[in-house]
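For reference, the structures are reproduced in the following blocks.
Here chain A shows up in two complexes: once beside chain B, once beside chain C.
And then the complex of A and B:
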C-alpha cells in the first residue's frame, strides 16, 4: 500500500512537471539550409531558445537543400501539406502570396521599422515576410590595381560613370597583366543573372518589367535605355573584357584571388574569403550608367503559410527569431548583412569601421528589389536567357523584343497576376 | 579491302585494340576524375582541372573530403534509404512484371492484345507529365499500418516504391523474352498436367536469367537515380534518397572535393550491382537485341 501511494505520488508529480511541455502546440517549420552546417547550427539554436522561452509553442524544423527548396514548397502546397512557418526567397514571395501559399504576417509592421528595405517582403501593401539578413553585390578590386592603372577610387557619393567603368576595363586589358578585365560569374545561369545584372539595366534606365503597372515589359525591357544596355552588355564579351557563358565555374572562387581578373562583380558572401586571400581588396559601388547606381536586394525571409492553423504561434516565433542578437549571429557566421543598424553594430564585420561595413552602406544606398510581382518567377528566367543569348552574340533588339513578347504573353495568360 | 594475312593480322588487332582502348578511356575518365578528385582539397582540385593532373592521384591527397561529407549530410542514411527503396522495388517489379509478361505471352484472355498495346503505349509518356496528378493522388490515399487507418502516403517509403513497381518497359521486356522461349516446353508441361503457376516458376523463370538481369539493372538504375519524385513526395530527411541528398553539397560556396567524395560513395552500390549481374546482362543483350 505504501508502495502504491509512493507510485501515485511520483505519477502526480511527474504529470505536474510535464504539464507545460505537454501543453505546447507543435509548429512545423521548413528551412532551405540543409547541408549548411553553420546556418543549421544557428537556426537550431534559435528554435531551441524559443522552445525553452515559453510554454505555448514547440517549433520543429525540417531542412531542405536550397536548390530544390522552392520545388518542394510548390509540391507541398499542391498536396495541402505546407508547414506553419516557411522560408521564402525575397523575389519569390509575391508569387507564393498570390498563389495562396502565404498569409500576411500577423505582426505589426512597425516592429520592423528599422529593418533594411530589402529584408521586407511586401505584396499588395501587406507585409508577408521578413528577413534576418540581406545580401549585396559590389565590384571587387585591388587598391594596388587601381593605383597601378591610375584609376580614381569610386565612392558611394561619387561612383564611376559608365564611361569611367569601361575606361577602367580598357586600362586593365591594356596592361596585359590579366586574363580578363572583369569576372561576372557568367557560368551561374540561375537567379544570379537577374540579381546581379538587372541592376545594370536599371542603371541605364530600363527594367525587366514596367513597374508602374506590372502588366507589360514593353518599353522597359526593349526601350532605348534597354537597347543601350544590351549593346553595352554585348560589348563586354565582344570586346574581350569578360569571359562568356562558358566561363569556368571556378573563376568566381579563384579567378580574382589568383590575379587572373582585375575586377570581379561578386556578392558579399564571398567577401570574407577574399579578404583573407587578398590584403588590399576594396569593395567598390556599382557604376552609374545615367539613372543612378543600383544593386540587387532581397534574400531569404520568414513567412507564415496560408494553411497554418496557428499563425499567432508562427508570428511569435518570427518575432523571436528577428531579435538583434540572432541577426548578428547569422551575420557573424555567414557574412551576410544584418537587417538592422543596431544588429550591424553588434557584428564583427558590419559595425562602424568593420571590414564589410561598406556592404551595409551599399545595401542601404543602392539596393533595388527585383520586380515585386508574382510573374517575376517567369520573368527572371526569360531575362536570364536573353542576357545569355546577347552575351553569345544574338541581335540585341531582336532578343529583347522576343523577351518582351514572352513576358507579356505570360502576364496575359495569368490575367495580370492580380495587379 | 585488303585480305587478312599473317603479315598484317597483328597490326589490325593492335589498331583495333588501340581504338577500343581509347573509347574505353573516354568513358572511364569521368569516373577516374570523380574518384581521384575526391581525395584532393577543393583548391587543388580546381587548379588541376586545366591539366592532366585532374586524372592523376597527385598532390595533397587525404580522406578529409569523405569525413567532411559525412559531417555535412547523413550520407549513410541516404544510401540506406536508396538501397532499401531500390532493392524492394526491383524485387517486387521482377515478380509483378514477370507475372504480367507471362500472362501476356502464354495465357489467352479477352482483350489481351489491347491491354498490352496500352501498356506499351505508356512508354511514350514522360513521367514529368503525370508527376503532379500522381502527387495529388498519393497525398490522399489510405493506408492501414501499425497505427491503424492513415490517410496520405507522403513522407513514407511506400510512396517511393509502390508507384514504380510495374512499368511498361519491364513488362515488355518479359513479354518479348517469354515469346522467344520454345513453345514445346509450355505445351509439354501442360500435357504433363502442370498448372500455369507451376509452369511460371518451375519452367519459365529458371530459363529467364538474362531478362531478369536486364530488367533488374534497368530498374535499379531508374530507382537509384530517382530525383523528381522523392523531391515532391518526401519532406522529411529520414526518407530522402541519395540524389536528393546531393543538394546538401551545393551551397553558395561549393566544396567540390566533398561533392566528389559523396558522388564516389553513392556510385559504389551501382557499380557493385552492375558487376554482380554483368554477365547475365550482356547475355540478355546478345540474345534479345535489347539495348539498355
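And then the complex of A and C:
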C-alpha cells in the first residue's frame, strides 16, 4: 500500500511538472553542430531563453554532425519528416527552396535591414533564410615575414595585384625558411574548394556559372579569364608554392602556426586560435587579379521547413535568435563575423579596433555569394573536382571544358532548375 | 523435398524468418528499386516529375566511339610539328562540340597510326576509369590477399606455445573499423613526414627519396591495394584456418608413412582438402574487392587525376553528391551484372568434376 501511495504521489507530481509545458506548442529544430561543444552551449542557451521568454512555443533541438547533416535533411524530407526550424548552409538553400523543403520566412524583411548581405538567403526575390553570422577568408601572414621579405602590406583599398602576390610567394620561397610559401588547405575537398577558391576565379573575371541566366557555364568557366585563372592555379602547384591535394590534415592545421608556411589562405573561424599562437599574425585581403578582389560569403542560416505546421512559431524563434546579444555570443565563442554592425560593436574581436575587425570590413567590401541556383549543389562538386585535377597536373583547357559540359548537361537534365 | 523443407522444419523457418525479412527489406527490395530507378531520370530531390527514359542512363555511362584526328598542316601540306618534333593536332573539342553525335564526349586515351591520331572517346570518362581501376584492384587483391591469407593460415596452424597471440595480431586489423584504418594509413602514406617514407629512408640511410604515395597518380592505387590487402587478410586467414582444421590428421599421418615431402603433402593432401574453402574465399574476396569504397572516400576522394576512382565510389558520388539517383542506380546495376557474371564463371570453373 505504501508503494502505491508513493507511485500515486510521483504520478501527481510529474503531471504537475508537465502542466506548464503542455500549454506550449512543441517546435522541432535541427542543427548541424553536434560535437562542437561551444556551439552547442550557445544554441542551447538561446533555446532555453526562448522557451522561458514566452508561453506559446517550446523549441526542442536535435543536433547532427556537420558531415552528415545535409544527408539527414534530404532523407527526412523524402520521408516527410522535416523539423519546423532547419539550419541550412547558405549556398545550398536555393536547392532546398526549389525542391520545396523550405518556405519563405514569414518575417518582414525590414527586420533584417542592417544584416550583412552574405547572411541573407534570397531565392526568387524572397527571403528564405537568415544567418546569425557570416564567415570570411583572408590571407594569414606574419608581420615579421612581410618585413623580412620587404613586402608592402596590402590594404582593402590597395590590395596586392596578381603580380605582387606571386612576387611575394617567390620571395617567401627564395628565403628558404619555409616548407611552402602558401597553404591553401587542399586536403579538404568539400565545400571549402568553391568557397575559398572560386573568388580567385571571379577576381580573374570568370565564374562557376553564367550568373545572368544560370543556364550555362560556357564562357564563364572556360573563357579566357577562366583559362588564365586555371594556368595560374596550376602554377601554384607545379611551381612548388603550395602543397597539393594529398596534404595531411594535421599539417594543414598547424603548418602556419609552426612557421612552415609563409602564407595561409584560411577562414576566420581559425583566427582566434591562430592569434593565440602567433603574436604578429595579420589578416590580409585577397589579391586583385584584375576584376576586383573577392572572397566568398554565406554560411549557416536558419529557415522554416515547408511542412511546418507552425511557421509563425518558427518565425518567432528565428526573430528571437537573431538578437544582437546572441550574434555577439556566437562571434565571441567561435570568432565568426556577427551579422549586424551593432552586434559587432558588442564583441571582443569585431568592435572598432578589435583584432578581427578587418574581417568585418573584408566581408562588407569583398564578399560575393556563391552562385544562387539550385544547381549549385552539383556545380560545387564539379568545380571541386576540376580544381583538384588541375592542381594535380591535368590539362587546364580540357578540364575546364569538361567541367562546363558536365554543368550544362546537369542544368539541362533538370529543366533549367526553375530559373 | 519441398514438403520436408516446408513442413517438418517449421522451427527452422521461424528462426530464419527475421533474417529473411531483413534481407528482403534492405537488400532485395532496394535492388529492384535500383533497376527501376536506372530506367528513369529520378533526382535525389527535385520538384520536376520523374520520367521514364529507357536505357538513356546506360548509354550515357557506356557510350564509346573512336574518332580520327588529322594533324594540322601548313600550306605545303606537311604536318606541323612543335620543337620536340611531336605532331600538332587540332583540339578534340572542335569535333565533339560540332558533331551532335559526339556532344559531351571526352578523350579516354589515344594512339597514333601514321600521322593521324586515333582517339577513343567516352561519354563518361570518369566511369570508364573507375571501371578499369576496379578491375585492376580485383585482379591484384583477390589472388594476393587469398594467397597471403593461406600462407598466414599455414603458419599459425601449428601447435606452438603462444600461437594464439599471433592469431590475434593477424586478425586485429579486421576488427578495427575500415574508416579508422584508412585515416591511420593516410598518415602512414604522408608525403612529407609519413611513417612509410621515414622507414624507407632509415633503411636506405637517406638514399630513398620521399614519395607522396597518395598524391601521385602512379602510386595512389597500389598504395590503397596494399593497405586493403593488409586490412582484410586476417579475415580470410581465419576461413582458411577453419578449412585446414577440417582435414583429418590421419591423412597427414598416412602421407608421412608413405614418405611424402612437405611440398608433396601440401600438393596432395592439404590443397585438395581446402577445395571448397578456396572456392568460398575466392568468391568472397572478389565480391568484397568490387565493393571498394571506404578507403577511397577517406584517403583520396577518387584522385589524383581519377587514378583511384571506383565504381561504388562513383555510384555514391553521383547519387548523393550530385543528386543524380538514377545515374548512381545505373552504376550499381552495372556493378551487379559484372559481379554476378564473374561469380558464375568462377563457380563454373571451380565446379566438382566427376
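We adopt the following convention: the second predicted complex is superposed on the first by the 398 of 419 C-alpha atoms of A that agree within 3 Å, B and C clash if a C-alpha of one lies under 4 Å from a C-alpha of the other, contacts with A are read in each partner's own complex, and residues count from 1 in each chain.
As a convention for this text, contacts are C-beta pairs under 8 Å (C-beta built on N, C-alpha and C of every residue); 3 or more make two chains touch, one makes a residue touch a chain.
Note that the structure is a prediction, hence the values are computed from the model and not measured.
Student: Clash or fit: chain B against chain C, after overlaying the two structures on chain A?
Tutor: With chain A aligned, chain B runs into chain C, so clash.
Student: Check the residue A:378 against both partner chains and state whether it touches chain B (first), chain C (second), both, or neither.
Tutor: In the superposition, A:378 touches chain C alone.
Student: Could you tell me if A:250 is touching chain B, chain C, both of them or neither one (first, second, both, neither)?
Tutor: both
Student: What is the contact status of A:130 with respect to chain B (first) and chain C (second): first, second, both, or neither?
Tutor: A:130 sits against neither chain B nor chain C.
Student: Pick one for A:392: touches chain B only (first), chain C only (second), both, or neither.
Tutor: In the superposition, A:392 touches chain C alone.
Student: For A:71 in the superposed arrangement: first (chain B), second (chain C), both or neither?
Tutor: In the superposition, A:71 contacts both chain B and chain C.
Student: Can A:405 be said to touch chain B (first), chain C (second), both, or neither?
Tutor: So A:405 only meets chain C here.
Student: With the two structures laid over each other on chain A, which partner does A:236 touch: chain B (first), chain C (second), both, or neither?
Tutor: In the superposition, A:236 contacts neither chain B nor chain C.
Student: In the superposed arrangement, which partner chain does A:182 touch: chain B (first), chain C (second), both, or neither?
Tutor: In the superposed model, A:182 contacts neither chain B nor chain C.
Student: Based on the A-chain superposition described above, do chain B and chain C contact any of the same residues on chain A, and if so which?
Tutor: Overlap of chain B and chain C footprints on chain A: residues 71, 78, 248, 250.
Student: Spell out the residues on chain A that touch chain B in their complex, using ranges where they run on.
Tutor: For this pair, the touching residues of chain A are 30, 34-37, 62-68, 71-72, 75-76, 78-81, 248-250, 253-254, 267, 269-270, 273.
Student: Where on chain C is chain A touching in the complex?
Tutor: Per the stated touch rule, the residues are 41, 43-48, 91, 93, 104, 106-107, 125, 186-187, 190-192, 194, 212-217, 300-306, 317, 320-324.
Student: Quick one: which bits of chain B touch chain A in the complex? Just the residue numbers, please.
Tutor: These residues of chain B touch chain A: 43, 46-47, 49, 71-73, 132, 135-136, 139, 152, 154, 231-233, 235-237, 244-254.
Student: Tell me, which parts of chain A touch chain C in their complex?
Tutor: Its residues touching chain C are 71, 74, 77-78, 95-96, 98-101, 179, 189, 243-246, 248, 250-251, 377-378, 381-382, 385, 388-389, 392-394, 397-398, 401-402, 405, 409-410, 413-415, 418.
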